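In the two assemblies presented below, chain A is common to both, partnered first by chain B and then by chain C.
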Partner chain A sequence: MSFIVQTKNLTRRFGDKTSVNRVDLEVPLGSIYGFLGPNGAGKTTTLKMLLGLLRPTAGEIKIFGKMMPEERRAILRHTGSLVESPSYYGHLSGYKNLKIFSDLLGLSSKSVLEILDLVRLSKHADRPVKEYSLGMKQRLGIAMALIHKPKLLILDEPTNGLDPAGIQEIRNLIKELPTLYDSTVLISSHLLSEVEQIATHVGIIHHGQLIFQDQMDILQQHRSPVMYVELEHPEEAYQTLLGKGWRVDIENRSLSIPVTSSKERARLFQDLQPFSILSVQEKKKSLEEIFIKWTGMGNSL
Partner chain B sequence: MLQLYKLEFAKVQWSVIFLLIALDTVINSGLGAMYMESFKEIFSPSWYQLYNQSQSFHTLFFYPLYAGIFASLICYYEHKNNVWKQLLSLPISKSHLYLAKFGMLMTLMALVQIAFFFAYIITGWIIQPPGRIAWGQLTSYAFLGWLSIFPLCALQLWISQKVKGFGKSLVLNISLVLPNLIVTGMVYYIAAWFPFSLPFFAMSPKAGVAHPFDPISFWFIVAFTTLLYLVLGWRIFIRREWG
Partner chain C sequence: MNLRLLIAEGRKLKVISIFLPVISGMLLLAITVAQWYYHFHRDSDDVYILFNVLYMLLPFSIFLTGTILTSITVGTEHESQGWKQILTLPFPRVQIYFAKFIWLLILMLIQGMVICLGIILIWTLLTSLPLPLSFLIKQIFYSILAYMPVLIIQFFLSIRLENQAIPIACGILGAIASRFLPLFSMKWLYLLPWSYTGLVSPYLPDHLFWLQVSIGMTILLLLITAWWFQRFDWK
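This part shows the complex of A and B:
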């Protein structure tokens, strides 16, 4: 498999604090790679090193098979990015901001109009950016990242500060990118729910260390859901399930039972049928719970 | 590189630039005309005297001050919403970006100089002092004055890429320009190491009156300090991290 982004032992220290610790990132071609971790885990620092904005303390970075920072300009030619809050010239219009970036990239004015259309800012193109709402600024930032149809798109928490409609919009846009521009997308987030809806691959960083990296499906298996079932006769049901070999817990009037497959779920319902089910809830482990499970640390977040 | 230079033109707030240039020209031409009038008993009025009276505030105060203000202005927009980060994520050369900014700063300083001399000629044309305009001398003052601001611009650009606040750098600039009155009173080979004082030596007919003045070693110091500040500022810029 060919990797668009590949790091080896990537390490960055600030003073005596190690923000990124021996990270081996592998982002496959054409993937949407969700880079997950709580705030302060080292996501932004990693992304900034990929862009050459920060220098690694140790380790190496290869993007498109080229070395960063040695071949910085060749890499950046095909890379679009939005890291931290969007950057813009506030006193200039949205159009002018994009025009500046398109000129520096040697693109035509047509590409500015196209990208304004794509992020639905055409109507506001002539207003100064300082008057834009946060969501509009964010969309402008994404437009700046996309204007040259990059092969690699690096987005750092792109839905930060957006309203639900805006989040949905950005999510749909990101999903389209691999087909639209043939792009590989590397997107960071601190929300598992956010990433699981769009990502094909996942890397999880915690305290600067990559503690998980694989396909999304593999992560999903680690998140076996738990069924919460409310019953008329919980006590009897509890005994029966225990007798049939289920791992079951009882709390108030409801039972909680982990299930790993839909087959198992069907079997559970069959076993519970005699006890009049009042309600059923299915809950998956959150990112926090996965962290706790994998790191054994309760209060680390 | 040319593209980056054009970008500087596209984003700078020309209204601010023109306002500052207008201030420099109006104040100094006005002062020049006023002083020539007040001192007419001692120095007989002439085109030369009008220049002599107009230039002192320009060379000692406005011109070096503007180098600092414009330097922070052309870095201000990048500092403001951290556009540095976005610009440097583009496939552009950091060195070209730095040199484009220096080129822009020198262009603005040329505009200030042209406006100042233009205003001097207009003022003279209005009050019609006796004598003739020494065109050759004037052109050389204008050009040498511009050359003499190179070291200060190189130094200011170095400072401006670091100092984020516009107000902070303004205070710094004013406090460094103020000692100029004393510094320019020193012998040139000491004063010339203080880049704020250079325009006075290059443009003022009063320079070299109190002390002997050797143009060759003076311009050697100018060239040397320009290179020194430019290279140091540029090295720091390209090695910088954008955290």
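This part shows the complex of A and C:
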């Protein structure tokens, strides 16, 4: 397994507050890695260290097998980033903003037009950026990160401030990147639902510590399914199931029963046989619930 | 130096950054000529008093222009959140620092050019006496060179403090200090970079010494601040 980004013991302290604590990040080649954590967990601090904007207090960073910050330029040449809010010169047009960066990177003028097209800003290319809407600015920021077709794309909460349509659009764009440019994407978010929809791999950071890191599928397996059963005589069924030792809840004439295996599910149906079943639904625990269980946090992530 | 970076920095400049040195140069010319007329009519028939007037007013103009230019240029970068973008480009940080500094120097030299050409024009239009051209050039450009250490200090403050009110206040205080420092008899005060512009006028016998001091100080401060910029944490 080759990792595009690999950190060992990565630590950053601000004064006596440890914002990032011994983090061993492992971002596989070609993955879309969702870097999850609530506000103040240390996501931005970690990403800034990867980009050489902040120096680690301890630990090491390897990107493309090269050391940061020793081989900073070699790493940055193939890295695109959008950290927190987009950077733009408001008095210049979107086109000019991108042109300055493409010239700095030695790219052709064609690459500017291409990227404007990709983020669907071609129509507004000649307007000064200070007149752009928040979503347009965000897309310009993503365009700047993508203009040199980077092998690694680092996005820090890229959908901040976007409307649902904008979020969907960015999400689709990010999903295409591994095939479009052969990129690996490292994307931070505080929304599990968002990461769930695009990520192939997940890392969860909480109070500066990485508390989970694996494939998305593995995280999904932690979600034990719950059966929702509607019956003609729910009260009777409820009592019977309780008597047989099931963990069962009753709500609006329907029962909910967690099951951990297919064997258990078969046993459940057997026990429900005597009652006429109207409908059966299987639902998985939401990622939020798992996350709350792990971190002991309330709803407000 | 990296030419690409230098060109990119130039294209980012706001129109005002280019107009400011031109306008402040013309403003200085206007005040200088007004003062010159005033003195000329009242208590002197020496036309060459123009250069005394210029000597009196030039440092103040240079200090204010430098302060505002630096704050506008660096402020644009803070405003646009541009630092984290340029600093994640594959260029040595030091080159990025120097590219910005060189533009400040260029803009200051534009102001010098405007003043220099303006005086030549006014002189040839209004008098028929020979113009001490090399004296004039030395007066203006030595002063600008001698201002460089202060420009670097302003540059550093502007980058370090996001809110430009503090660097601008420091710049104005510095401008006032520059007017008085060379008048004190305590010679150690002359070592402060704010004194140099007043000390490099070709009127003064040891102006070349102070020019050398300023150039030395420029190099020293550039090295120190570039080292700092190289290691600075962008929070």
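The rule is simple: the second predicted complex is superposed on the first by the 241 of 301 C-alpha atoms of A that agree within 3 Å, B and C clash if a C-alpha of one lies under 4 Å from a C-alpha of the other, contacts with A are read in each partner's own complex, and residues count from 1 in each chain.
One rule holds in what follows: a contact is a pair of C-beta atoms (placed from the backbone, for glycine too) under 8 Å apart; a residue touches a chain by one contact, two chains touch by 3 or more.
Quick caveat, the model's predicted, so the values are computed rather than measured.
A.B. asks: Once both complexes are superposed via chain A, do chain B and chain C end up clashing or fitting?
C.D. replies: By the criteria stated at the top, chain C and chain B clash after superposition.
A.B. asks: Just checking: does A:R267 make contact with chain B only, chain C only, both, or neither of them? Give me first, second, both or neither.
C.D. replies: After superposing on A, A:R267 lies clear of both chain B and chain C.
A.B. asks: Once chain A of both complexes is superposed, is A:L54 in touch with chain B (first), chain C (second), both, or neither?
C.D. replies: Once the two structures are laid over each other on A, A:L54 reaches both partners.
A.B. asks: A:R13 in the overlay: touching chain B, chain C, both, or neither? Say first, second, both or neither.
C.D. replies: The answer is neither, since A:R13 touches no partner chain.
A.B. asks: Of the partners chain B and chain C, which touch A:K62 in the superposed model: first, second, both, neither?
C.D. replies: In the superposition, A:K62 contacts neither chain B nor chain C.
A.B. asks: Under the contact definition given at the top, report the residues of chain A touching chain B in one complex and chain C in the other.
C.D. replies: Residues 48, 51-55, 72-74, 76-77, 79, 81, 83-92, 96, 100-101, 103-106, 144 of chain A touch both chain B and chain C.
A.B. asks: What residues on chain B touch chain A, complex-wise?
C.D. replies: It is residues 3-4, 6-7, 10-11, 13, 77, 80-93, 241-243 of chain B that touch chain A.
A.B. asks: Using the touch definition up top, name the residues of chain A that touch chain B in the complex.
C.D. replies: Answer in residue numbers: 48, 51-55, 72-77, 79, 81, 83-92, 96, 99-101, 103-106, 144.
A.B. asks: Which residues of chain C touch chain A in their complex?
C.D. replies: Spelled out, the residues of chain C in touch with chain A are 4-5, 7-8, 11-12, 14, 76, 79-85, 87-92, 231, 233-235.
A.B. asks: Could you please specify the touching residues of chain A with respect to chain C in the complex?
C.D. replies: Chain A residues touching chain C: 48, 51-55, 72-74, 76-77, 79, 81, 83-92, 96, 100-101, 103-106, 144.
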